[in-house]
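You will see chain A twice below: alongside chain B first, and alongside chain C after that.
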Partner chain A sequence: MLVVSNLHTYYGRIHALKGISLHMKPMEVVALIGGNGAGKSTVLKSISGIVRSASGSITLNGDDITHVSPEKIVMSGVSHVPEGRRIFPRLTVEDNLLLGAFTRKDYSEIKKDMARMQELFPVLAKRRKQYAGNLSGGEQQMLAIARGLMSRPMLLLLDEPTMGLAPVVAKDIYRQIRYLNKERGLGILIVEQNARVALGLADRGYIIETGRIVLEGNASELRQSNEIKRAYLGKDYREVWE
Partner chain B sequence: MTPYILHVGIIIILFSILSLSLNMAVGMAGLVSLGHAAFFGIGAYASGLMMLEGLPFIVCLLLSGIITSLFGLLLAIPSLRVKDDYLAIVTLGFGIITVIVLMNMGITGGPDGLTGIPQASVFGFDITSKPVYLVFCVSILAVMVLTTSRLKASKVGRAWAAIRDNDTVAMFMGINIYYYKILCMVISSFWAGIAGSLYAHYTGYINPMTFGMQTSIMILAMVVLGGIGSIPGSIIGAAALVILPELLRGLEANQGIFYGALLVAMMVLRPQGIMGRMKVTDIFARGGS
Partner chain C sequence: MTYFEPILETMPRKELDVLRLERLQSTLNRAYLNVAHYRRAFDSVNILPEDIRSIDDLESLPFTTRDDVEANYPYDMFAVPLREVVRMHSPSAKSSKPVVTGYTKNDLVHWAKLVARYMVAAGVTKDDVVQVAFRYGLLSGGFGMHAAAELVGASVIPTGVGNTAEQIMIMQDYLTTVLVCTPRYALVIMDGMKQKQVNPKALRLRIGVMGGEPLSHELRQEIESGLGIEVFDNYGSSVVIGPGIAGECQAHQGLHVYEDYFIAEVIDPYSLKRLEPGERGELVITTLAREAYPLIRYRTGDITSVMKDKCPCGRTHMRLSGFYGRVDNSFKVKGVMVSPNRIEEILAEQGIDTKFQARVYTSGAREIIEVLLEVKEGLFFDEMRAQETFIERIERAMHAGLGVRVKVRIVPAKAFVGKGVVVDERL
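Up next, the complex of A and B:
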């Protein structure tokens, strides 16, 4: 479905992505794992057209979308849920959802989707008329995901969806993500610092370090990889590695 | 009603159109403009010059709106690539340049301005008497309030609000932020131009100094005082800042001190303005996205 090949992206003179290549099959969950500043978010931003890549290519279902405008990329079925729960704080929950469907014109279907989102995330139904900025962190994240789904994507780009959330809430978010993949057939590219959780969820994973993919494979293999255990799964694994 | 009260009423309506038009940019789309009076001036001069050429008032009124919106477009195309504080500086520069151009061009009468602008009539009816002109201005403001509130509740208004709240995330939603920002500037400057035309035909005389920094700041103060992003707030803010100096007139030399002190007190006690939900710092001087 998605093929990224040899992508180079710069922020001014900073070489953020140094030849990233990855691919995704339809309905697959792929995790992109790495530390701060590794370039994880930049990969997502390049795919959704927010950041222009210097060279390399991105194709979606065979169509080149490397230099396509963000709105056309949304229309072709990619939805990006930005990190840090960036909802529109001074707009109501309802308006936030409507903005997720901004590129669509099938108004009666948008209405139905609004109702579906409120079924999927019942908290949003209760807070429909409230300003999104007044929601709790977990609710804001659910709103951000629901808003992302409003464009009816086939590929969802999730940037650190559980960052700063309580473990219980994070678990709930992950349950929803799994549901969206299994029941709705949504392809999901998820960026995470928490390798354990991400690899528990994903079919495959890529490890990214300073703008390069250093390791890739099935999630189960990666979970067993000693290198991953040492670098990303915490000190409990040190003995195993050493 | 005495002519004096009618006069104050007309000025309130004209400034209501101006502050609502600025609020469209600042409050609805988050585009900070410090040179809004320039659009007011362009509308006034365009209308005055066309009417001196013998065009009927109603044509001048509409054309001055359209001409001013073209200037809005010209300013928007290069300058909306920058945002927030930078946009404020660009619009500040635009405001200053406009006054200088008006001061130095032959056709605009230089520093002396334009005199003898024919007064307004609509389809042969004279509307120059103060009560009639007040009704005429109120009906134009009504049209503006109606279209603006429709716009605010529409998809366009939602796009503007998204851009105001976070323009990067607006891009994530598939909103062409550049297009919607330009659209906002064009509509906003259209209405400022209309206000200019109404002003020119009301006073019959215009000069460049009316459209300088002071007026831009005054309009912005009306927006902030009334409430950023609020339509009724724009009108209340305009009314308050037109009436206040009139009430304080008896204080003579001390007028400015009281006027300033009242504004400061207002902003301390109610930073979101009379009708608004947003503080000044939500729009100005906010951090990056």
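Up next, the complex of A and C:
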């Protein structure tokens, strides 16, 4: 459904993406893995139209969305949950959710979706009148995802959803992501530094190094690759025999 | 029709091409980052991996030749550190310089799946008893076929090549249904059966999984009628991966190249231009997911042509029409590649610079290579004894240098058959 080909993106004179090609099928979970500054987030930002790419193309279900505005891209079914949550701390949980539906006009449906989000993330229901800034990190992440879902996307772009969260909270987030994919049929493109977790969740993965994709494959195969283990599963990773 | 990997084997062309481009680009990136040879090769034509924006752009990259591969012996063509390599194989020596290729864990998994696609296309199932009479060892053939047959779930008998009497006994007693061997070894087996008065039609054999050398129409017919089996051709190259690059399906209309894993081009070996479907030329292979040993535009030296029309079997991958020998006239005997250049080298090492001709023929089921040397001054012996010693010395050197036994004769020029350096009188 999503086909990115030969994408080049610059930040000033920095050539951030050097010919990225990748694709996603409907309802697939795909992981983008790479170190700091490899270009993972830039790929997501290019897809959602936040960053303009210099050349290359992005098509969604056959339609070219390369130079389409971010809000039109949201309307065509792509929702971006940015790194660091980026919720509005001075707004209530409820208002944050409402903002996620800013491209929609079907008010009665929006109301139903608000209820569904609170069902999906019960903690948000409990805190719906509170300022989002008072939520814990994990709760803020749930809010960010829920806000992303309010536009009724078919493709969710998740940027480091568990960064800075306690492992037990991260686990909960991942459980929700898995649910969204399996039960709601959402396609998910997830960016992660933690390759172990991301590949545990994903069907396929791409490894990015300095703006280039250097490996592509089934998640189960990528997990096998010792190169990846060493490079992205943490510095201290060692096989038992080493 | 059954497929081993239906999604990949019957993938709509458009999707397949998206996948191929992604894999090509990641292969180019890895090769450029990790293999000094490729970095030099790309730099020499001023091309960066990201300049390749389509499969067709591949044409702007330089070829990789056997010489390149040899020059980087042992490990300089590897794209991963040695600790990631779990297997090594070595293609048969075509020259005095050896070659070694490596496989990561994933490479081995992929390889087995590729060969399994071909076996399933040939009709092999888990109910089959598969006798692998391919050489095990440094050559990749035996191991490649073995792993695939196990993956399909068949019962595998790793007999290896040779000891024909025992092969026939096993075939009878173990109720072998699938024979994996080179076409010529199938002839040896047929001959052995004749001598032992074994009726091949009384055996359970039903499928011949063949490869390792060109399979002509006549050869196929002889094996099919002689053993009462259906023969399926497959193409492999030990430098690239082993068997499993292309394989025939039940339509018997050429060999499907597993295009999600390889890009196959056919070029004119002299002008180096890409040829159209139907035109015969040299096969050039680019790997798309090989981790340890990526190859970019590797000139295989094998002659074939491309078929792009639809195959009734439903696979969307294009086909190669068949194989018609080698660009450099080399030939295979008992699974070992013999090249006239190598013969010339060995003769030169022995201080002989006379004209020669290599003749390959069969006597019964045995294949014989004869190297004819043109008699001339310095290659003439008054004494029978001296000539015999000389010939023995050359034959020993040939055996050591080629890996197969060779008969040497000194003859007048008029005894040469035709003009070629190689005369293959086998079927």
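Methods note: the second predicted complex is superposed on the first by the 233 of 242 C-alpha atoms of A that agree within 3 Å, B and C clash if a C-alpha of one lies under 4 Å from a C-alpha of the other, contacts with A are read in each partner's own complex, and residues count from 1 in each chain.
The definition used in the following text is that a contact is a pair of C-beta atoms (placed from the backbone, for glycine too) under 8 Å apart; a residue touches a chain by one contact, two chains touch by 3 or more.
Only a predicted model underlies this, so the values are computations on that prediction, with no experimental measurement involved.
After superposition on chain A, the partners chain B and chain C are seen to fit next to each other with no clash. Between chain B and chain C, an angle of 150 degrees opens at the CA centre of chain A in the superposed model, to the nearest 10.
Look at A:K18: by the touch rule set out above, it reaches chain C but stays clear of chain B. Of the two partner chains, chain C is the only one touched by A:H8; chain B is not.
Applying the stated contact rule after C-alpha superposition, one finds that A:I213 touches chain C and leaves chain B untouched.
Looking at the shared chain after the overlay, A:S69 reaches chain B, while chain C stays out of its contact range. Contacts of A:E221 after superposition on the shared chain: chain C is touched, whereas chain B is not. When the two structures are aligned on the shared chain, A:L91 is found in touch with chain B, with no touch to chain C. Of the two partner chains placed by the overlay, only chain B lies in contact with A:T103; chain C stays clear of it.
Think of it this way: put the two complexes on top of each other by chain A, and the tightest Cα contact between chain B and chain C is 28 Å. Once both structures are placed on chain A, no chain A residue is touched by chain B and, in the other complex, by chain C.
Touching chain A in their complex are the following residues of chain B: 155, 158-159, 161-162, 164-166, 168-176, 277-278, 282. The touching residues of chain A, when paired with chain B in their complex, are 48, 50, 69-71, 73-75, 80-82, 86-91, 95, 98-100, 102-103, 147, 151. Chain C makes touch with chain A in their complex at residues 18-19, 21-23, 25-26, 29-30, 33, 48-53, 80-81, 83-84, 104-106, 109, 289, 291.
Within the complex formed with chain C, the chain A residues making contact are 3, 5-6, 8, 18-19, 21-23, 206-207, 209, 212-217, 221, 224-227.
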